[in-house]
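Below are two complexes that have chain A in common, paired first with chain B and then with chain C.
Let's look at the complex of A and B:
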């Protein structure tokens, strides 16, 4: 009986794993295959096998008449924003989560529910909120103007410094489009994830260990630095990397808050695939390169982490 | 709607004149069609949102009243993705809509792709001779598109901050007046390049060579210190104008007029070089069995009173001689102006990758 029953079970298992693999791999393979396709000027694209799209990524379409590193620059900004914002999110979140785990069970639950609920805010909503907060007539610049801070800045000469940093127009301070607004919003976007990812490892740290350190004379900051941090180093790096990967795909934030010279590959991929040129092959090639770049970052971080643990 | 932006591909009127969701519009369009077998009907695609709603409210009922043909409205997200949708659906043997709306660029694209647009027998379309030849898309296979409305992108300025209003686009290059103050389109398809060519290079024909494109783009790059916003969605520009994030730039003529009538200090200007005109056309799907109904429908929307109606209700400019319509001078100048800069559409197709990347590199300083 056992043999008769085992066969369907095994078949079901194989079918299930096959289906999962197909669902995971098919879209990826499709993108990979399209990336070798050929763009027809003035129309769409056709299947093909040539490396022009990859070549264009590194030197531009007009090469060798002219050379352009436009897409490498977009790649750099993809990695740059995602890395800075994920590190900032974890750095600012860590003290909060640490203090939160020292609260009563009930208070912890309330905070966790709050953060879980805040995950329902999509990128679009978050961006809309910050957009209003940073706008000239409804947000911070209006506050600067009304409180006389703008005039004060102008009198003290700081206004010209802000202008040279691109944080002011001749009329008032301005926060968009700026790197500041982009990174701020991206950090905000992943903050709840940082809380939820850091909570489990930090809440497992026993109060007795802390008390032991305290009785040996260590201050609270020393305890966190020398006892808590080393215990959760791996989860912290893991959280940074997960948020990093998540932020590589940020689209709305970049479109609204970053100046075009500091746009990322996610914008460029979308414009190629869904924009007026209908150039899915070039979009796919960019996506594949972004994927490879992300994988390289993850592998190197992992190697660095392992070396650090030895 | 008429232009394809990036990202959200936002149809201009959907966002601008916030209306019920396109999904709701589509659903109500279907509900509105009684299933009586002997009734003649036609499915017509239009850009979802305010635009489709207005057609359904003002134009389609009149057409049904006049001809007995029922219109089933189909929501198009825009022209470019709709062309993709049509291409895929038609290959699979479905007709997504008998008539669809397309930009001249996508009309050319569809013609080159083949198997999407069926020729329209204009001999059967009464009054089609009123439609200006500029708006008729003739190909070897016959007429593939008949213009339905046109619109202008004009110079807009904040009339409180910019006084007097510029007489030429060239004034935008004056950093003394416009430092970090302008909002310009990020996408080359918005045709700001046509304006640069018309202003500094004697006309859009300057774009017909690679050297000409490079020279024009280089001239545009001198604007960098003056540009505060390269907008990819029109809602960004609308907000920036209202918020004083920018005090000038290029935007839709009719929408700027609407914003002005809402009390915003905004003026839409036709400088001496003129403003880009663009238009949209009706196209007939390959495989549609409704050619006769389509001909009646196109004849109907080409009529002077329907062209005036659309100008008043939707803010589009007529595709027929305005003198034939009953639009007053004031009504006409709300939707149109002179001179018009006509885009060299073939350049944007034949040199698509080159012109796009050259422009993108300029915008991104790459």
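Let's look at the complex of A and C:
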């Protein structure tokens, strides 16, 4: 290709890459810039360059007169819920996907279509279903009471155990608001994603590798433990991290199932930007810190994985 | 070219150590049948795999040889029949209980483990301590001449090296029976030839009962003490390579193993009448005179003459394939199409259109049952 003909092609490539970068970076840069802005009491906010929003996040607005770790606690719950739910989702999903890949091609396709279809359910829809299922008056607690299961739990002493875990009131089992319900719903929410992410690496494992292990004396559990799991370690960690990042932004689940003192930054950010306080700069600062925290988790996980591979 | 395997002085795989593989029992298959719904993959297989010998299961794709091997390994359960080893019927035992070492077509090495850990995998599963595992893996890698490759990743090995790792890994558990499923099919022709010799020497050194599945008759002839030729789930013939080659049981075996001249005719008191010519056959079997039969003769047994001689048919050359050491001469004769193999030469001694008399030496001819179209298609 001549230089004259190559120039328009190169310009087009540069323009395309520039447009993609602008679309990716501009919103982030805007949020980053706003995070240094200033909230005007009783009005909107103005551009600025001050660190008060970040200071408020880490030690509270009234520091040094008083200190508050409220938003650090929200950050902790964001990371905690997301990590536990993503690990639980992958851990419970893995055996299912492994067994699924051993089925006939036709059966595998049916299952995959089912899980792809289930992705059309929005978070709101899923939470609504679990809200009904776990509600004290019409859900599982009512079923426990009506069937006499609650009394049985009381007789066997398990009711006190559930109370100590925060899963029962003095009268009946209670799932809302609890960490249990929050994590359970978040796990459910990302389960189809876990299936779809784990399926490709597991389905690629050559069956002869499994049979080779069997001919060397390895039973089904040993095969999974010593061959399958190590072979797909990287995709497993990748899936956990992807689900973790996805769940950091969970909003409806937290709003419905988590106690207010155990809310996450996604709730707090929404409250600041669109809620009662209308403090976009502080909301932006929280979003930036959540982003950095997620990046730190991803980088450390990657480092741990690389060390493990060595 | 790789060096052939030879016992190394000072290695733990001394002849004494090798004795652990000896004095094992024959493996006997009795009426083994495998069906998938209405499709029968293996039909009434009755076989004895002699202890310490190498048997090749030979046949075209889909003949049931791999299914038979997988049933022996315990990876497939027979629909009916017994698999006897040491007087015990092991047909219902799983692959992990039988622990027959097996080399797969794809080698099936574990990509997450290095070479040494691949080899010692079965020992780790069996709970053998790390020091013993390492020592055993090193011994086996020395045995397959990969002693310096223990710490390599599988992805860093060539095809031939991977195959040898797979062999070492299968032998680590000192199996009673060693199984190989098309172990050379993923390798190029040159390497295949080398590894066939190496595998045969290793098997003879260890004296382990070995069963190899292959569709390559040359591979089977090179390695096996006994060849089992299969077609359509049936066993067509069991015999030594020489028996299979020189005295095939039927037209399918004759056609599948090497090149064969198969001429249809009618049995006579002394031989066969083909294309209006009476041909004397020393080994005419028990065919009655007047019965439709097929005359079998290898191309290298056919001699070409300029003048008519007894036990010959006239023919015109239709094609000459020069293979270097030998020439394949294709002839049209009144008895049908024939091939003769003559020594190669720098001079073009034979050309298309030449007329010869193809002598069929009666001592090298055999009569076979009349061939069917199925036989030809399967071969």
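Convention: the second predicted complex is superposed on the first by the 293 of 310 C-alpha atoms of A that agree within 3 Å, B and C clash if a C-alpha of one lies under 4 Å from a C-alpha of the other, contacts with A are read in each partner's own complex, and residues count from 1 in each chain.
Here, a contact is a pair of C-beta atoms (placed from the backbone, for glycine too) under 8 Å apart; a residue touches a chain by one contact, two chains touch by 3 or more.
Given the structure is predicted, the values throughout are model-derived calculations rather than measurements.
Aligning the two structures on chain A places chain B and chain C next to each other without any clash.
In the superposition on chain A, A:275 contacts chain B only, with no contact to chain C. In the superposed model, more residues of chain A are touched by B than by the other of chain B and chain C.
Shared-chain residue A:73: touches chain B; no touch with chain C. Aligning the two complexes via chain A yields an angle of 150° at the C-alpha centre of chain A, spanning the centres of chain B and chain C, rounded to a multiple of 10.
When the shared chain is aligned, no partner comes close enough to touch A:178: not chain B, not chain C. With both structures placed on the common chain, the touch criterion links A:86 to neither chain B nor chain C.
Once the two complexes are overlaid on the shared chain, A:227 sits against chain C while remaining clear of chain B.
Taking every C-alpha of chain B against every C-alpha of chain C after the fit on chain A, the minimum distance is 47 Å. Here chain B touches chain A in the complex through residues 4, 6-9, 80-81, 84, 87, 105, 108-109, 112-113, 179-181, 186-187, 189, 228-230, 232-233, 236, 239, 242-245, 349-354, 356-358, 360-361, 363-366, going by the rule given at the top. Against chain A, in their complex, chain C makes its touches with residues 73-75, 94-96, 98-102, 104-106, 108-113, 121-122, 124-126, 169-170, 172-173, 179. The part of chain A that touches chain C in the complex is made up of residues 206, 208-209, 211-219, 222, 226-227, 230-231, 233. The part of chain A that touches chain B in the complex is made up of residues 39-44, 60-62, 68-70, 73-74, 131, 135-138, 169-171, 174, 176-177, 251-252, 255-256, 259-261, 263, 267, 270-271, 274-279.
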